[in-house]
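Both of the next two complexes hold chain A, though its partner changes from chain B to chain C.
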Partner chain A sequence: MQILVTGILLSGTYALIALGLTLQYGVARIMNIANGETLVAGCFIAFWLYVSFTINPILGLFVIAPLAFVLNWLIYEVALRPLVRRAKNRGQLEVDSILATFGLMFLLQGLMLLAFGGEYVNYQFLAERFMLFGSAYGLNRVVAFCAAVVIAGALYFFLYHTRQGTAVRAVAADPASANLVAIDVAKTSAMAFALGGALTACGGALLSTFYTFNAAMGIAFTMKALIIVIMGGVGDVRGAVLAALMLGVAETAVASLIDPGLTIAATYALFILVLLVRPQGLFGRRTT
Partner chain B sequence: MQRRTFVTLAVSAALLSFTSGFAYAQEVVKIGASAPKTGPLAGGAAVTHWPNVKMWVDEVNARGGLKIGDTQQKIELVEYDDQTNPENAIQNIQRLATVDKVDFIVTPYSTGINVATAPMIAQHGYPHITTSAATDGVEEFAKRWNNSFWMLGTATQLAKGAVETLVKLRDKGDIGNKVALVNVTDAFGMELLGAAKPALTDAGFELVYEASFPLGTQDLAPVISSAKAASPDAFVAFSYPGETFALTEQAQIQGLDVGAFYVGVGTAFPSFAARFGKAAEGIIGIGGVNTDDPKVKDYMERHQASAGQGPDFWASATTYAGLQVLEQAIEQAGTKDRAAVVQAIKDGTFDTVIGQVKFQNNVNPNVWTVGQWRDGAFVAVAADGIEISQEPVKKQGWE
Partner chain C sequence: MSPLPFNLTQEELRAGAVGAALVIVAALLPVFDQAYYLALGVNIMLYAALCTAWTLFSGPTHYISLASAAFFGLGTYSVGLGIDHLPFPLLVLIGAGCGAVLAGIVGVATLRLSGVYFVIFTLGLAELVRQLVSWGQSKITTRMGLYVFTDFTEKHIFWMLLALTVLVFITGWLINRSRLGFAMQVIGNDETVARHVGIDTARAKIILFMISGAFIGIAGAICAPRYAYIQPNSAFNPTISFLVVIMALLGGTKRLWGPLVGVIPFTILMDFVTAKFPNHTSIVMGIAFLAIVYFIPNGVTGLIEQARTKLRSRMGAPAVKPGEVQP
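Moving on to the complex of A and B:
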C-alpha cells in the first residue's frame, strides 16, 4: 500500500515534468531541449517569491503561469517562428528546433546562474507529515500531486471539451489538414507552445517545495520528460499521464522491493518494453 | 561560457610606485583557476570553492600582494569554467599554461577532476594542492605526480571516523548494534562503502538494511521507508547534496527513529542547517571543523563578509588552507620558479586556518572526519591526528 501511494505521488511529479513538453512537442512540433531549464526557472521564481515576498508557492502559480505563458509566447514568436516558416517538413523542423532550444537552454542556464548563483537551493514549505493509510508522506508532495491532478484534469477538459482545444488536437494530428478547416495553425501552435511552457514552469514551482535544485540541473528533468512523452505517445495528454503513473509506481516498487540502485534500469526497461510493443507510444497514432 | 576576471591594478600600482619603485609594482603573479561554474558540481563549487578563491585573492591584494624576494606582487586571477567536465578541465589547464602563461594554478574542484587534470598539471610542473579530493588513491597519486599534494584526507579516514563515532555512541549506550547503510553509486559512494562496511562489521555492528541509488535520485522515500522497516539504531548514507537533503527530509517526514543519523556530502553546508532548522540538531555527517579555534572563527567571519554567505563546515576551510599553503610556499621560496615552490611545499610547515600543515609524502594526514550539528554549527566530533571540537551525542528526534 505504501509503495503504491508513494509511487502514485511520484507519478504526479513526473506528470508535472512531462505535460508541458507533450504540448510543445506534440502540437507545436518543437522538441524543446530547454524544457528542464524552464522547469528549474519555475523552481527559482517560486523560491524567490517565497523567500523575498513570503508568497506561498501555490499562490505563486498565479504569477508564474501567466509570466511563463507570455515569455514562452515571445520565445516562440521571436526564435522559433522563423524556423517553422523555413522548415520544409517535420523532420527538418525537429532538427532545427533542437538546435535552437539547445541554445535557449544555455541562455536560460546562464541567466539563472547570474541571478541565483550555482548553489543548491531549497526551502521549507509544507514539509510536514501527512498520514495516509497509517503511513507518513510529505504534505508538499501530496499537494503537488493534487495540483498535478487538477492541472491534468483542466488540460483534458480544455483539449477534449472546448472548441479551442479541439483545434489544438487537430493541429497535433495533422497541421496541413487543420489549415484546411480554417484553423489558424500558426496561432494555435504558438498558443500550445506557450501553454506548455506555462505548465512546465508551474510544475517547477510545485517541485521546488520538495526538491533541492540548482541552476545546472535542468537536463535531468528534460530527460525524464522526454521518456514520458515518447512513452505516452507524442502529443497525447492521457498517454503522458499514464506513462508518468507507470514510471512512478514501477520505480517505487523496484526501489522498495528489489534495490534503489535499479530504478533507472527499471525506467529504461519499461521504456524499451513500451517501444517494442507500441513504437508509437501508449496513445500515439501510427504514422500513415 | 568562459570568463576572465582581471584584477584592476591601476590605483594600487600608483600607490606602490612611491614605496617599492615603479618597475616592481607593475609585475604581477598570474594565477589560473579552473573549476565548475556550470554542470552537476557547480552547486558544490559555488559553496566551497569559488568564494575562497575570491576571498584569498582579495585579501592578498589588500595586503599589497605576495612577497616574492624583495618585491611585492599583486595577484591577477584568470578564471575558467570547466562545466564539471574533465575534458574541459584538462583543456583549461593547458590554456592556462600555454596561452595565459599563468605562474601558478589553483586546484580544480572534486576528486574526479583533480585526478583527471593531475597529469596535465604535472606536465607543466605547477604545484597542485588539492583540497576537494577525498579518495584512497591519494598516496599512489602523490607518488605518481610528485608536484601534487592532497589535503582532504582519504575515504578510509572518513569512513573510519564515521564508524568510530558510532562506536562511541554505542559505548555510551545511546544506540544499539543495528545499522542501515546506503550509498550513492559512483566512485565516491562506492569507495566510502568499501571502507565503511568491513569497519562496521569488525566493530560488531549488524547491517540490517543495505541499498544503493544512482546519483541524482531525489525521490528517496522508498529508501527511508525500507530502512525504517528494518528498525535500525543508526542510519548511515554516503550521498551527494541533493540526496542528502532528500534523505533527511524523508527521514524527518517518516519519523525515522534512530540515535545516529549520518548523511553527507552536503550536511556541512550552511544551507542544510537553514533548511532543517531544529531538526538538524544532532545530525552527523562528513566534515566538521573545530569551531572553538579562534582562527576558524575568524575565517568564518571573513568568509561571511567577503562572500555574503558562510563557508561550509568541511572542505571550505581546507580549500582556503590550500591557498594559504601556496601563498606561504611562494613567499618562502622567494621565487616564481615552480619547482622551487613545489620543493618548498614538501619541506615547509604552514600555518593555516586548519592548523599547522606539514605534508608527509605529499599527503596531509591530519583531518577532521565527522561533524555534528550542534546549536547551528557543524562541529568536529571525529578526527584523525588533530583535536576534535566536541564528543558526539545521540540524536533526539526530529522535532
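Moving on to the complex of A and C:
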C-alpha cells in the first residue's frame, strides 16, 4: 500500500513531464530529446526563486510556466522551424529533430553545468509528515502531486473544451487535413511545442520540492518521459497519464522490493512489454 | 550509381592499394612515438573502428543507434571477468558474441517497428546494462571494480585496433557485394519497395545490427587492458555512443571511409577540449550536433561529392582524376 501511494505521488510529476513531451512529439512532430533539460531548468529556477526571494515553488510556477513557454516558442521558431520546412517526409524530420535536439540537450546541459556546477542540489520545502491511510508521507510530495493533478486537469479542459485545444488535437490527428479546415498548422505546432515546454518546466519545479537534482540528470528524465509517451500512445493525454501511473508504481516497487539501483531496468521491462504487446500504445488502435 | 557494380575492379584495386599503403603508414606510428601521439593514435584508431562499425548498420538504414557504449562495455567486461581464467583472444570472441546477442535482442524488440522506437530503446541501453552489471556484481562479488593485468602496452592495443579497423572495412566491403548489402541498399532507398520485392527487411536489419554490435564489442574487449581497472561507470560511459554518432555523421555515412574523415579531426578536437576546457565538453558536443544538422547534413564527404558533381557538370565531361579515389 505504501509502495502504491508513493508510486502514485511520484507519477503525478512524471505525468506532467510526459504530457509536455507528448504535446511536442504528437502535435509539433518534434521528438524533443532536450525535454529533460527544460525540466532541469525548471528545477533550478524554482530553487533559485525559493532561496533568493523566498518565493514558494507553487507560486513560482506562475513565473516558470510563462518563461518556459516563451523560451520554448523561441527554440521552436529559431531552431526547429527550419527543419520542419526542410523535411521532405516525416521520417526525415524525425531523424533531423532527434539530432538537433541532441545538440540542444548537450548545449543546455553544458550551459547549466557552467552556471550551477555539477553538484547535487536540494532544498527544504514543506518537509513535514503527512498522514495518509495510516502511513506518513512527505507533505511536499502530496502538494506536488495535487498541483500536478490541477495542471493536468487544466490541460485536459483546454484540449477537449476550447476551440484552440480542438485545433491542437486536429493537428495531432492529421496536419494536412487540419490545414484544410482553416487551422494555422504552423502556429498551432509552435504553440503546442511551447505549451509542452511549459508543462515540463512545471513538472521540474514540482519535482525540485522533494527530489535531489543536478544539472546532468535531464537525460534520465527524458528517457522516462519518452517511454511513458510510447506506452500511452503518441499524442494521447489519457494514455500518458495512465502510463505515468504505471511507471511510477513499477519504479517504486522495484526500488523498494528489489534494489534501488534497478529503476531503469524496471522502466525497460515495461517498455519491452509494451513494444511486444501493444506498440500502438495503451489506448491506441492498430493501424492497418 | 554505376550500372555495372561488379565491374569496378580497376577502381577497387586502386582503392585497395591506397588503403594498404595507409595501413602500413599507420602501423609505423608506434615506431616514432610512444607517448602523446601514440595515445592520441589509439583514440583515433578506436573511434575509427567504432564509427565504421556503426556506419555498417546506421549508414544504409538511417537508424541512429546510441547503443555503442552498451556493446563496448560488454566487450570490456568480458575481458575483465575472464582474464584470470581464459586466454585473451577467446575473451575477445566472447566480447563479440555478447555484443551480437545484445544487438539481436534489441533488434528483435524494436527493428520491426519504426525508427523512433529504436533510437529511444538504444538511448538508455548503456545505462540499463550498466545497472544490471553493477547489480549482478554487487550480488556475486563484494567489490565494484575488476583488475585487468596483461602484458599488452599501448602500442599492442594500437595495432589490434588497427587490425580491427581493417577487418571492419573488409567486412563492410564484402557486405556491400553480398545479397545482404544489396537488400540494405533497397531498404535504404525505400523500405516499402523492399518489402514488396520480397526482402525480409526486419531480418536483414537485425543481422546487420548484430554484425555492427559484434565489432563494437571487440573494440571494447581490446580496450580493456588499457583501463587496467574496470568499473561499470567507465566501461558503460554513454559519451562514447554520442561521440560515435557525431564523428560518423560529420564524416558522412554514404561511403565506408566517410566516418574516417570525421574521426580524425574530431578526436583531435575533443582531446584538445578535454585537456584545456574540461567543463566545456558538453557545449562542444552540442554545437557539433547542431552544426551537423544545419550545415553539413550529408557530412564532409557529402560536401566533397557535391562539389565534385558541380565541378564535373561545369566541365561538361566526367573526368576522374587519378588522385581522387580514396579507400
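Rule of thumb we're sticking to: the second predicted complex is superposed on the first by the 269 of 288 C-alpha atoms of A that agree within 3 Å, B and C clash if a C-alpha of one lies under 4 Å from a C-alpha of the other, contacts with A are read in each partner's own complex, and residues count from 1 in each chain.
Here, a residue touches a chain if its C-beta (ideal position, glycine included) is under 8 Å from a C-beta of that chain, and two chains touch if they have at least 3 such contacts.
Note that the coordinates shown come from a computational prediction; the quantities given were computed from them, not determined experimentally.
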Let me test your reading of the model: by the given contact rule, A:221 touches which partner, first (chain B), second (chain C), both or neither?
neither
Per the contact definition in the header, classify A:13: touching chain B only (first), chain C only (second), both, or neither.
first
One more residue to check, A:283. First (chain B), second (chain C), both or neither?
neither
Just chain B (first), just chain C (second), both, or neither: which does A:261 touch?
both
Looking at the overlay, what does A:110 touch: chain B (first), chain C (second), both, or neither?
both
After the superposition on A, what does A:124 contact: first (chain B), second (chain C), both or neither?
first
Considering only the touch criterion stated at the top, classify A:275 as touching first (chain B), second (chain C), both, or neither.
second
Contact-wise, after the overlay, does A:210 reach chain B, chain C, both or neither (first, second, both, neither)?
first
Where does A:102 make contact in the superposed view: on chain B (first), on chain C (second), on both, or on neither?
second
Same chain A residues contacting chain B and chain C, which ones?
106, 109-110, 113, 220, 259, 261, 263-264
Per the touch rule, the chain A residues reaching chain C in their complex are 31, 33, 79, 82-83, 91, 94-96, 98-100, 102-111, 113-114, 219-220, 222-223, 226-227, 230, 259, 261-265, 267-268, 271-272, 275-276, 279
What does chain A use to touch chain B in their complex?
2-3, 6, 9-10, 13, 106, 109-110, 113, 117-124, 127-129, 135-138, 210-212, 214-217, 220, 251-252, 255-256, 259-261, 263-264
Which residues of chain B touch chain A in their complex?
1, 36-40, 42-47, 84, 182, 185, 211-214, 216-223, 225-226, 241-242, 245-246, 249-250, 252-255, 266, 269, 271, 275-277, 309
Inside the complex, what are the residues of chain C that reach chain A?
62, 64, 109-110, 113, 115-117, 119-121, 123-124, 127-128, 131-132, 134-135, 138, 238, 242, 245, 249, 279-294, 297
